[in-house]
Structures are given as structure tokens and as C-alpha cells.
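Chain nomenclature is as follows: A, B, C and D, assigned in order of appearance, with residue numbering initiated at 1 for each chain independently.
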């Protein structure tokens, strides 16, 4: 497992001092800075309501960024429209409603490649290798899949465009432990295939185990950052987030 | 990147909408300049044309009486078969055709409809038609099948007497299929627009009437742009132009009205009320442009019916059925297997996710409007050639379109097709058992019944309602 | 200006209250003592259950959202319902309070079966809920929001409504209770403001106060602390324990583990719609299955 | 151009019996939509059953108006139950479409030839051939203290005796209904229905039978609408299905939004303004036409009527897009809603 302790040489995605929120005057994210190095798998954990999902949405242009700057390989992408970000190589998997239920699995994947249809066969093969289960379900409507399978379809869809950075919003939410393991190992193999990943997770311990590095968010601000494994042992993190349960 | 793609399309949409306006204004000017055959001088009157199988009848006596049974006027038809009787004021009048003055061998299709009761509106000429046939023994029924919409015209149903129930059902089924297919063609747009934007578009009927009216001008008046006068277009050609104009109008409406409203995050109810306002305004615009007459197209007007067993159908109606089927299958295939079609379904499923997948959602919605406008206009031409052209024809179809869309399950295009055909069949089949003038009631009752029993529609899944 | 002052006053009062320690009263001790005798295992029977759920299932399409074999909620205690996102907590709330219908299953409140009852009938029996996303009636005043919850107001019937004398006295009584509750929840200053102008935290308070206006016997709070600043959280916690001390049973969904540990007498853990564990807070926290579902496996050796 | 005549026409329409009828329809709709949030798109159906209820009793059955009016109101109650019982639980777009479809069904049936013996069919009431058993509004105008033929009024604003009587009765009913509705919405009952408009789940969770309240509102607003229909029948001494086209409901919405939904005087002010502007613009157009200032296309009553009506449509769109709270409504409340 690659867990570099030093700063990564090249930055794939960075958000600096981002302030963002849905309603005017109510900031959910309050000056967050995160960086994802090329080829890195970075996690964001934090208590409920800390603004983790909002941060990812702000990076992806779904929530207006009021202050701060988001860059993709040094290029300013702050507040760019989602379809433009997809074209620029950012993939995003929302937490809920992340498949088109009335489309088949194959059509869901095709929609992921809407902007670049020529590579369809090649990309479908690539995604099929990562998520073998999707091959068997090609012609099934996505709405009839189980939660774990939907998550695979959603990730597969986001990977169709061959993104350089993938944003995942709580990929394990609502899944049984077995499926959670499955999802995390898929996330790891997507990362091993060369995609930089920024992942928000509520399942802190698993997230820290699988990530190269992680940020702990609290009340819309960065609280801690460091290599995943070391955070697990950091008493402050344990106190702030893992809390009582973790002491058990 | 995608912005570069979008811009020229925007301009094209606006230019197209501009073209629609230009054509409308020009043809309107022409309509006024020429002697009109349909819009009589704006006096309160009743009038009509007495014809049998396309041939005008001269010297037929018509008597008009008022509600108190006083005779208001009495005329004989001229060499063109035309008659007009001015009436003192708006209200109900009874029009009687003196059958003794009909030439030998000509009789009323329905002897009960010798005397018609009509409501005349102030400043308008109410057209009254008597269904006549050459009674050469065969009693082969109507020369033209009329899948009317209960528009309140005097052309109720031609009830063929003496047919067995089975034969009448078979005929009604064919008419119902014809009518249902036309509704289906017009309703797809309504369904797709609802699916992708959540708009319950009350102004969709006016797109239908617009298509029919535009094609009528091109077909009967010819193309006039400014001082340039062109030839009158054959109906098929006129229909194609009308479909293109309908698509352009759809694009113009999306860009000009609905997209700005979506951007302002206007609520769904607000948008629905706005579409009602638009419907009122557009309907009155059509009235000013076209008048309140119900003329027919120049082509395929009167044809001898082909007989298939108990069923008689004109080549025109058969063509309408064939065209509708081809269009519906085409749209289904487009939605099923083209990239754009899948994108339309994706946007209908989840617009946010669609845009997160790189789909340019506003552009897909624009194309949905183009498709919806074009289909509505095309459906209008089909309906116009199966019956006649009237500025209210779209509004009269609207509730039936809603019925079709809801029956099929809101927002699913295939459902809208199936639901519309059910509505068409219910409408015409009911006319076998109840008075034809009440057949729209039957269709609406079916709609309400289905909503109560299966609110998710016939094909929709239960989850969609929640 | 007046509003700003009022906000300040409210905030200070909330902070002052937060500084007071939350001392478990006798009711709390009683509840905990009774529950200490109960075996911490899923579906265990309680000495004095106010709510009993039996074989309740609800699925959406292919997903089973709730599948509870047996669950009892102890009268007079604070029971927390926890579990990861999507575990079915909110669905269970909706089923219990009649907002959704189970595919099958029975449940009863104080011995009365609730199957087939409509939402408002369940509420009238004293089983009242709050909402996860606060639902202030935005175009009504704060006071009217409260008064709406008054029960058996004759003036709510169409014809008596026309005769003011018929309901004036009752209205005054309801208003008195509403004001007392607003006072307790530090909302008095906003009583004649439209509820839509309140801040998120104030709406949470209003939501809870309004539920209490109905004098419920069991109140179901759906994530009462979500999106609330820490000072207010303390104040809300105080209100929740206060409820229990006044004899109201509380069932609440919460994400914040600290909150759950601090105020609940009993914890029920849901995972994929099932009750995977229940017991006193500190017992549950040590349950390997809970750690598995909620936090993920730390390491194989840790679990073993 | 005779501006005076235009103003006079506009004013006469603004205070005339038709304005009172529209005001009643809009007050009923205000109970439905403004206060309770019910999207009733078939208000005209309630007017229809009121008018025909009275008309059939008097003309067809020869009963007294004093029996006909309660029966007209009762018909509205029956319609409200028939509509509401199955549909009030449906989602709101469905409710809108069911109500408009029901109103259309009623209109189609009323004007159908099989119904001629009862409703006069396409001719309406009074029935043309047989004539009714009793003149529709004879009892109503017999109560009038004014001479039917004489003209009354101040200056230019003149009405015939019968029109004056109709408008006085009409506006009196408007005033009574306004007070009734105002009393109700300020009572605890009003608090509940307004809460239902905001969020019916909350109301349900507090132990209120939301369905029953919605039904009461539907009945009440429907009866006020029926009163409008009855007033229309009396003022015109006739009932015709053509007066009950779907667009009448849309006009009532326009009126309500113009004056401000969920305000006490909104429907009244709205009806006055609506008729004033509608008649004024028609009058203005006809003068412009007569003096040759309009393009040829827009000459003639039909075109000018259409143009005026088209302007109503544009007005409704503009209002809803830019001032959905109405001209006198509160912006703050709208933002919160």
C-alpha cells in the first residue's frame, strides 16, 4: 500500500479556503482546504453535519462557492458547470439517486460517456473489468438493482469518461458490511488503475484503512489531516470523531 | 467546450422562432387582403355550404328560427352551395333544411339531423353543416369518417343506421384507433416536456392548432413572405413545413419563456398557471390569425371509402393511421436506442445526475421542446386532415392528451402512446352506446376512473407516484 | 433591531443553560435502573413497554428498508435509534407514526393496535413526531404554529368557528400554554414573527415545542440535533431529558454518538432495516456487530 | 377618441353584476387555493351546478326560486363530496386535472341534446320550444324596488333598474361572503387550513384530520362559487352551458392573483380591476378600430374580443412570473411560501 508521508509531487485537484453553502448567508463549508495528489486516494471524514458532502458538491460546482478557489491541475475550475467539469476530467458519484432507474445498466454506462461516444466499447470493457457484476446485469434496469449494485453502476458511470479525478460521496452509505467491503476494495482498485480519488465517508475506520491520506472536517473547517493509518491512532481524532464508540 | 456547441444552436432556435413569427405575420396580412371564403364579415350570423360528395347544391332552402320559434331568415343556397343568414344577436338558433328542395337521390345521412340547434356568438358566423349523401340504395354510410372531438360543431356523429352492433363496434374501433394515434402523436411532447422539466403544459393544445393552421395557410393560401407570393403547397409539403415551424416554435418557447423561468427557479404550480395564460393568449392569437371557421385542406378532402369487411375507411384516413404509426415507432426507436433519446430519458429520470454525467441538460430540454413542438404540429395536421381545421382544435384535444399521458403513467413517453390510444378507442367506442356528442365525456370519465383506481397510470410503476 | 436584540438574548440564555450540567433526575435514574435488568439483545421484552412492534416490513422496489421482527420501547425512558445512513431509521419513524404503511406487520401503542389507523388518529392517541427537515409553517406566526397544536379546540370545527364566544376561553388557555412553552424554549421574543423568518436552530426548537403542545405520551424526534450549533445542541439535550423527567417517553433518531451516549437510557441499532443490537448505551457501544456496522471493522484482531 | 366613454364602459363593467359574479367565484377559489392550497381548476363546475340547480328547479320543475337557490347550493355540496372524497388524497397535479375534467363533463352533459328536457340542452334555459314552467328570474326581479325600464345612476354611470338590482344584490352577497370567509380564516379553523396549505404533514402529525378540513374548505368554496353561478343565472334571467367554459376558472385565478391570494379583499379588488381593465381595453380597441388606427386584421368585434381576451392571458402570465403575490399581496409572505 502506498502511503507517502511527504507532500505529493503533483497536485491533481486542490480546493483552497473554500466557503460554500446552499442558502444565502448560511455557510456550510467555512474555509476548507484539501489537496489530492496525482494517483492519491484521499478521504474526508468528520461528524454528521460537518459539511463533508457540501464540500465535495462545491468542488463539483453543484453548490455555489462564495470564496476560495478550486483548481484542477493548476487550472481554475471554481464554480464551473458540472457538464464542463466532466468534460475536463472530473467524475462525481452522488450519495443518493446516483443511477438512472429507468435506463438499463448498459445505458447508464453510456450516459456516462455522453460527451465522447467513440470510445464506448473500450471504456465499457475497462469498466466491465473493474466491476464484473455489471456485465451480467447489462440489460437490467438500474432501478431493479440492489443498493450495492447501484453503487457499482454509479461508479462505473463516472469512470466512463476516463476521469483523472473521481469524487465519491459516501459510497458505503446504506450498504451492508459485506457490500461495504466490496465497495471499498473496488474504490482501491479504481485508484490503483491510476485515478485520483477524493472520497467522503461516514464509515471513518474503513475509510482511514483504505485511504492514503485523510482530512477530518468539523463544523465546515479542516481539523486534522494526515496519512489514513496514523489518523486512526491519533488520540485527538479519536476524541473528536470516533468518539466513545471507538474507545470501546 | 459545450458552450461553443450550444451558442449556434441558440441562435438557430431564435432565428427559427423569428421565422415562425414572420410567416405568421405575412400570411396573416395576406389572409386579410384576400377575399376569404371562410371568415365571413364579422357580423353575427349563421351560414354554411351545402354539398354532397364535394358537389355544391344550389337552391336548397334553409330556414333559421330563434328560441321563440320566430323565423329570423330564410335563404336558398347559391351556385357554390353557400348560404348565410344574419341573426340579430348572439344566442341559440334552430336551422332547418327543407329536404323537399334537395335534388332527387340526395338525402340526409341522418334524417334526425334535418334540424340543428346551434349557439351563435356575437360578432361571429356560426357554421352549420348538414351531412348529405347520395342515397343510391347501397346506404354505404359516410364518405368521410369524422373522429370529431366534441368541439361543438354541427357535424355530430354520422350514425350509420341498420348496421349490426359488431359492425358498428368495428367501425368505431377503426375511428378510435385513428383518433387515438393522433392523440398519441400530439401527447408525446406533452409527456416528454413534463418528464424532463416538470411542466404541466396547458398551452400544448395551441401547438397542435398552430401546426394545423400553418399547414392550412400554406396549403390553401400559398406561401407569402412579404411581397413574394409563392405557390400553394401540396398538403404533404405544407405539413412538412408546418412540422418544421412547430419545432421552431417549440424551441422559441423554451428559450423565450420556459428556460428563463426555470433559471429563476419558478415553482411548478406557477409555471402551470403561466402556461394557462399562454394558452389563452395563443388561442386568441390563432383566432385573430385564422378566424373561427372550420375549413378543410385543399387536398384529400373527399374520397371514396375502401371497404374491408364491415369497415369502410378512406385512403386518407388509412394514410393518417400509417403515418402516425410510423411516427410513433420512429419516436420509440429514437428514445430507445439513439444517444439523444437515451439522454432525454436520463434527464427525465434525474436531471441533476444527468448534468453530473456530462449531459448538457438545457440543450436536451431544448431538443425535447423541438421534438414536442414538431410532433404536436404534425398531429395537428393529421387531425386537421381527418376532420377540419379550427383554432380551438388543440384546446379541445388538450384534456384528452392529459388523459392519455396520465393513463400511461406521467412522464413516460411509451405510456403516453399507449394511454392515448386507449383514450381514442374509449372515445369512439363509447359513441356506439351513448350519444356521439357525449363521447368526450366518456373519455374524461375513463381518465378520472383510472386516476382513482391506478393513480400511477396503466403502465407506470407504483414508486413513481410516491 | 429589536429582532437582533432578541436573538442575542436568546443566544445568551441558551449558552447559560448549556453551562448548567445536565443532572439526571430521579426519573432518569428510575428508567436506567429498570432497564439495567433487561438483557441487551435484539427484540428483548421490556418491563413496561409503551410501544410494541411485531414483524414490521416495508420494501421499496427491490430494497427492503425496514424489517423489524420485534421491538419494544420502554415507557418513561429515552430510547435512541441509531444506525448508518440508509439503515431505515426514518422509514421506521414514518411507519410508526402512520406516514407510511408497512407491507405487513403489527404495532401497538399502550396496548392499542395501530394497524389501519390514520396519521392523525395515531397522533391523537399521544404518539407524536417531529421531522428531520424542520417543517415550520412559514407563513404563520410562531404563536400560531404553537396554537395549531392545541387539542380539541372547538373553534376548529366549521360552524362553531363562526361563533367566537364558543372558543374564546379555550383559545386563551391554549395561548397560555403556548406562551409557557415558547418561554421554556426561549422563543417568546419571536412569538408574533412569521415562522419562516426563524433561523434553522430556532425552527428546530419550534418544531419540538409544537410537538409538545399536543401533550404527547411518546414523542418521536427525527434527528433533533442535526444542523444545530453546539450551544443550541446543549439546550436541546436539556429539553429532551426534561421531557423524560416530566414523564414523556422519548424515541429519537440521532447520528451524533456523543449525544446518544449522554442522554439515552436505551439504544436500538438498526442495520439494513433490522434491529442488529439493543441495550444500554455503553453495552451497545462495545457490541462488535455495532462497531462492524457503524464504524467498520477496525482490524480483525480488534474485533475478535 | 372619447376617453370619457371608455372610462364609463370600464367603470360600469367594474361594478356591474358580472364583476360581482366573478368576485364570488374568486372568493370561493380563495378559500380553496388561497387559504387551503387546493388547486381547484374546476371552480366553474361549482358555478354551473349552482346555476343549473336553480334553473332546473324554476324553469323545468316550476318551483319557487326560494327552493331553487338552496338546491343549487346543495348541488355544490354534492359535487364537492363527489370530487373530494376520492381525489383529495391524490397528488396536487392530479387534483387539478380531475377538477377541470369534471367541470368539463358537467358542461358537456348539460348542453347535450339528451338533456334538453331538463337543462335545455344546447339552448340552455329558459327552454326554447316548450318555454319554461316559470320565468327564471321573475321572483328575483319582483323584489326589486327599481323600475325595470328606468335608468338609474350618477352622471354617466347609468344602469337599468334590473341591472342595478342585480348588482346591488350581487355585491351584498360578495360583502357577506367576504365577512364570512374573513371570520373563518381568523378562527382556529382558519389556522388549521392555512397550516394545511403550508405543510399538511405537520398538521397530520399534530392530530388533525387533514382530509376532513380539506373537504370542508372544498364544500365552502364550492358553495360560494355556486352562489356566483346562481347570481349569474338571476342577473341574466337565463342559464347557458357556454357561460361555463374552463376559462372562467382561469379568469377567477387571474382575479385572485391580481388582487392577492389569501388576502381578505383580494378577490373583490381583483374582480373590479379585472372587469375594469377587460372592458376598458375592449372599449378602447373598438374605438381605435372605428377610427381606423388598428391594422385591418384587428378590426371587427371578433378580433377585438379576441385581442382583449388574449391580453388577459398575457396579463396572467406576466403577473404569475413577476408578481405572483398580486398587486397588493405581501412579498415577504410569498418569499417564505
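As a convention for this text, a contact is a pair of C-beta atoms (placed from the backbone, for glycine too) under 8 Å apart; a residue touches a chain by one contact, two chains touch by 3 or more.
Please read these numbers as outputs of a predicted model, since none were measured by experiment.
The pair of chains sharing the greatest count of C-beta contacts is B-D.
Look at the CA centroids: the one farthest from the centroid of chain D belongs to A.
Measuring from the averaged C-alpha position of chain B to that of chain C gives a distance of 56 Å. Here the spacing of chain A and chain B, counted between their Cα centres, is 51 Å. Inter-chain centre distance (chain C to chain D, centres taken as mean C-alpha positions): 46 Å. Touching two or more other chains at once are residues 61 of chain C. Residue positions of chain D in touch with at least two other chains are not found. Chain contacts: chain B has residues 463 touching two or more partner chains. The touching residues of chain C, when paired with chain D in their complex, are 97-99, 118-121, 123-124, 128-131, 135, 137-140, 144-145, 147-151, 153, 155-158, 161-162, 164, 167, 171, 194, 196-197, 210-211, 213-214. Contact residues on chain C toward chain A in their complex (touch as defined above): 61-63, 84-87, 200, 226-227, 255-258, 261, 271-272, 285-286, 290-298. By the touch rule above, chain B contacts chain A in their complex via residues 1-3, 339, 342-343, 345-346, 348-350, 352-361, 412, 463. Residues 180, 183-184, 187-192, 194-195, 197-199, 201-210, 216, 220, 332-333, 335-337 of chain D touch chain C in their complex.
Those residues of chain A lying in contact with chain B across their complex are 60, 62, 81-84, 86-87, 92, 94, 97-103, 107, 110-112, 114-115, 117, 143, 157-158, 161.
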